[in-house]
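What follows is a group of structures, each given as structure tokens.
In what comes next, subunit A is part of two complexes: it sits with subunit B in the first one and with subunit C in the second one.
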Partner chain A sequence: MSPATEKTPSAVFLRGIWEENPVLIQLLGLCPALAVTNTVENAIAMSVATTFVLVGSSSIVSLIKRWVPAQVRISTYIMIIATFVTIVDLSMGAVAPGASRALGAFVPLIVVNCMILGRQEAFASKNPLGFSVLDALGVSAGFWIALLILGGVRELLGAGTLLGVQVMPVAWEPWVIMILPPGGFLTLGVVLLLMGWWTERGEETEEAVQPRRWPQGVRTEQPAGRVRAGSGGSDGTDRTGGRH
Partner chain B sequence: MENLAYVFFSAALINNFVLAYFVGLCPFFGVSNRVSTAIRMGGAVVFVMTLTSLAVSFLNAYVLPAAPYLRLISYIVVIASLVQIVEITIKKVSPTLFRQLGVFLPLITTNCAILYLALFQHARGYDFLEGLFFALGAGAGFTLALFLMASLRERAELADVPSAARSMGLAMIIAASLSMAFMGFAGLFSS
Partner chain C sequence: MSERDLPMDEGGGDGGAGPAPGKRQPSPWQLIGTLGGAAVLAGFAIVLVYQWAHPQILAHRADRLRSAVQQVLGDPDSYRPMYVVDDELRDTLPAGADSADAATVYAGFHEGRLAGFAVPGEKPGYQDVVRLIFGYDPREDRVIGMTVLQSKETPGLGAKITSDSSFIGEFEGIEPPLVGVKEDGDGPHEVDMITGATISSEAVIEIINERLGAVGDALRDGASGVAPASAAGRGETARDGGAGDADAGGSP
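Take a look at the complex of A and B:
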């Protein structure tokens, strides 16, 4: 818990990757996360575009925060985001027409990605430029991880390939459902269930420790508290280590 | 007229915004806890979608041919101000309805389904009337999906599921089965 409140550069960056992962924990930006993750290639293209928009708009919002009146701040943020999305949309059409066609309307839809507006409102509008860029990069990295997990699982099971390269044995019968819309919901559902199970398992072991220490710790409350905080902390690092 | 019916049912069932295109997922998972709120949200979305479609027809015809690169920005500005106007009007005309809609109206601004509707209407080259039916169909499909989801989640709340599934995981699996069921509509219109 403590890293969330600390404001060191590394804490600001790392928080977005796991503890406040935009897709897997906060369930923000689900539309692009599910719609374009039928192949890894699309997932990467969407992540690149989103990272550019998020970092760009976070820096601008952080720079002009002093001159934006509170009543019109949301519209201002949306205009800034829309400008960056227009840049991405037009340059993607020129530089990578294939990716632009594959993503279709989902590039313009980055404007209404609640994850981006959320970062402006919750962080960039209150913090200096450096921290805002770090925060945007951290959240983007979290977005990358979530999209790569979803895109990887769906392409592997749905087409037997990864980035277009055949990975599964030729005899593998592709689960076509995985690259169709239901596969997106299904994959994210299974990932969330696994994460719920994992978190719960951590809490259970924490509880299992607690009663055993309780009789000794009843009189002096401090040791019990310290044990709990310690196990929670180590659990947190375990979780991060296990995932990457 | 057959064409308009096709546009309506295609947007509502076959290409359901939520279950086939993955747009408008935030309200789909956010306000699908209760059937009553789900229906209210659906009504608000139908209303704003219809107005948006009219505004987009107007913009496409008179404003955007002069400056196509401003498409995205003008759509989002129009949607945001439209929602604001609707909010002020309802507040003045019917305070009861305003209280009932509550936080849902401003939330619609960031509902990607509305912007998607605007972009799609342009991409498919729908004219005024087709656009109107497209908006009504998309709104009806959104409301239907939201209603089904809310009903299922109200049931699931009483079910004895493992506590790990009490999070959004279960809702995702429910959405997956709904989405699978809606794939069956693909055969509705055989040419």
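Take a look at the complex of A and C:
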């Protein structure tokens, strides 16, 4: 994989798929990833909706970045995202009522998917339109992959079907827990375990184990002032604790 | 979030074409203008999409209701909405009456004769509100069918109230008041509940009992005067006493 600093169109696109996969590596956007992946169909519907919102918001944010003062940028981004979410919610109700009913409140909740605001803040607000769209498409593809894995495993074990088609033998007793919320956590945990194990194996074959890189746009250095603020806060708690 | 957490002013993070570091403090009007402008554009976009989508959403909802009414009344030739206001069955909502005061029912007709009423109802189930519609034959005083319109009950357990054909079949020809039983209920009032989904099954039974308690008298009294075409004055059926003699077992 190319280093995170490299900025070619393909690197920008591919980064979101694996190296910085929003769900499986950055652990962002877990609410939709866990909540609606009890069938492959729901996973696809959620991925389509999220892709639309992410690509739309990244394009607009990238286009207007020059005119948005830093002080109101979060409010502006959220407004843009909320507009796209409302559009996708209404459109799904109009053209895909079944999917809209199945996803229920989780379509409006795309507004608070931190993966989407994260891309605006970390990428689209600093990059030209082309790169921002590529970045959004790459991250969306990563989201698709993660949701399809979760949805596939959960539907297969929890209902014995894939996309509604019976796959497991009829004698298979479905594990109902897999289509309930705990099944989402279990599946995600196992997928992360396998991925960690796979990555570690790959690194052992290289000559040196590389330190894990932070996803692009995440600040790793702690500002000194923040540390002081933190310790001050804990002093405060101690005092409060002493009074009780 | 404090000022030092804002990563905006560093162009270096991505090494790309970031916005110029904001040295100059923007005026309050600039901030209000940005948010206001974005809000106006967002409003236009949403209203445009809404105007396109809303009629279709309403059409889908009507489709669903139509197929549900067809299902619970056994494929009637036609049906039309009627209203129960103050224990009286009416063709139209009286002027001034809020739809919240009135219960909407759907009268279905087979070859010009009343086949029954489809009555919607809702109540909290195990996870969320269960909304259903059931068919009721006022002459025989029987429930003739039930279908769940909306539920978020547990998949594999409570969700069977929407899909389990033997449970749904229990509601064909059953007599109110309905009583849920754990196994092999053969009595005219008995409904076999779904194993592992007692709360969801009971919610369905209670919805039907409650709705019949609320509108059952009006439906039985008004049934004789109901014709397929909405004729003026037809809904104003004379009520010959009898109100309250057949309490359908409303409150749980």
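Operating definition for what follows: the second predicted complex is superposed on the first by the 201 of 244 C-alpha atoms of A that agree within 3 Å, B and C clash if a C-alpha of one lies under 4 Å from a C-alpha of the other, contacts with A are read in each partner's own complex, and residues count from 1 in each chain.
Here, a residue touches a chain if its C-beta (ideal position, glycine included) is under 8 Å from a C-beta of that chain, and two chains touch if they have at least 3 such contacts.
Remember, it's a predicted structure, so these values are computed and weren't measured experimentally.
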| item | value |
| --- | --- |
| Contacts of A:Phe131 with subunit B and subunit C, given as first, second, both or neither | second |
| Which superposed partner A:Lys7 touches (first subunit B, second subunit C, both, neither) | second |
| Contacts of A:Gly164 with subunit B and subunit C, given as first, second, both or neither | neither |
| Which of subunit B and subunit C A:Ser75 touches, first, second, both or neither | both |
| Partner chain(s) touched by A:Thr83 [first = subunit B, second = subunit C, both, neither] | both |
| Which of subunit B and subunit C A:Leu180 touches, first, second, both or neither | both |
| Residues of subunit A that lie at the interface with subunit B and also at the interface with subunit C | 75, 79, 82-83, 86, 90, 180 |
| Residues of subunit A defined as touching subunit C within the complex | 5, 7, 38, 65-73, 75-76, 79-80, 82-83, 86-87, 90-91, 93-95, 97, 101, 104, 121-123, 125-128, 131, 158, 174, 176, 179-180, 216-217, 219, 223, 225-226, 229 |
| Subunit A partner contacts - residues on subunit C that touch it in the complex | 2, 4-9, 11, 13-19, 22, 26, 30-31, 34-35, 38-39, 42, 45-46, 49-50, 52-54, 56-57, 60, 64, 150, 152, 154-157 |
| Residues on subunit A engaged by subunit B in the complex (per definition of touch) | 27-28, 30-31, 34-35, 74-75, 78-79, 82-83, 85-86, 89-90, 105, 108-109, 111-114, 117, 177, 180-186, 188-190, 192-193, 195-197, 199-200 |
| Subunit B residues within the subunit A interface of the complex | 19-26, 29, 69, 72-73, 76-77, 80, 109-112, 115-116, 119-120, 123, 162-173, 175-177, 179-180, 183 |
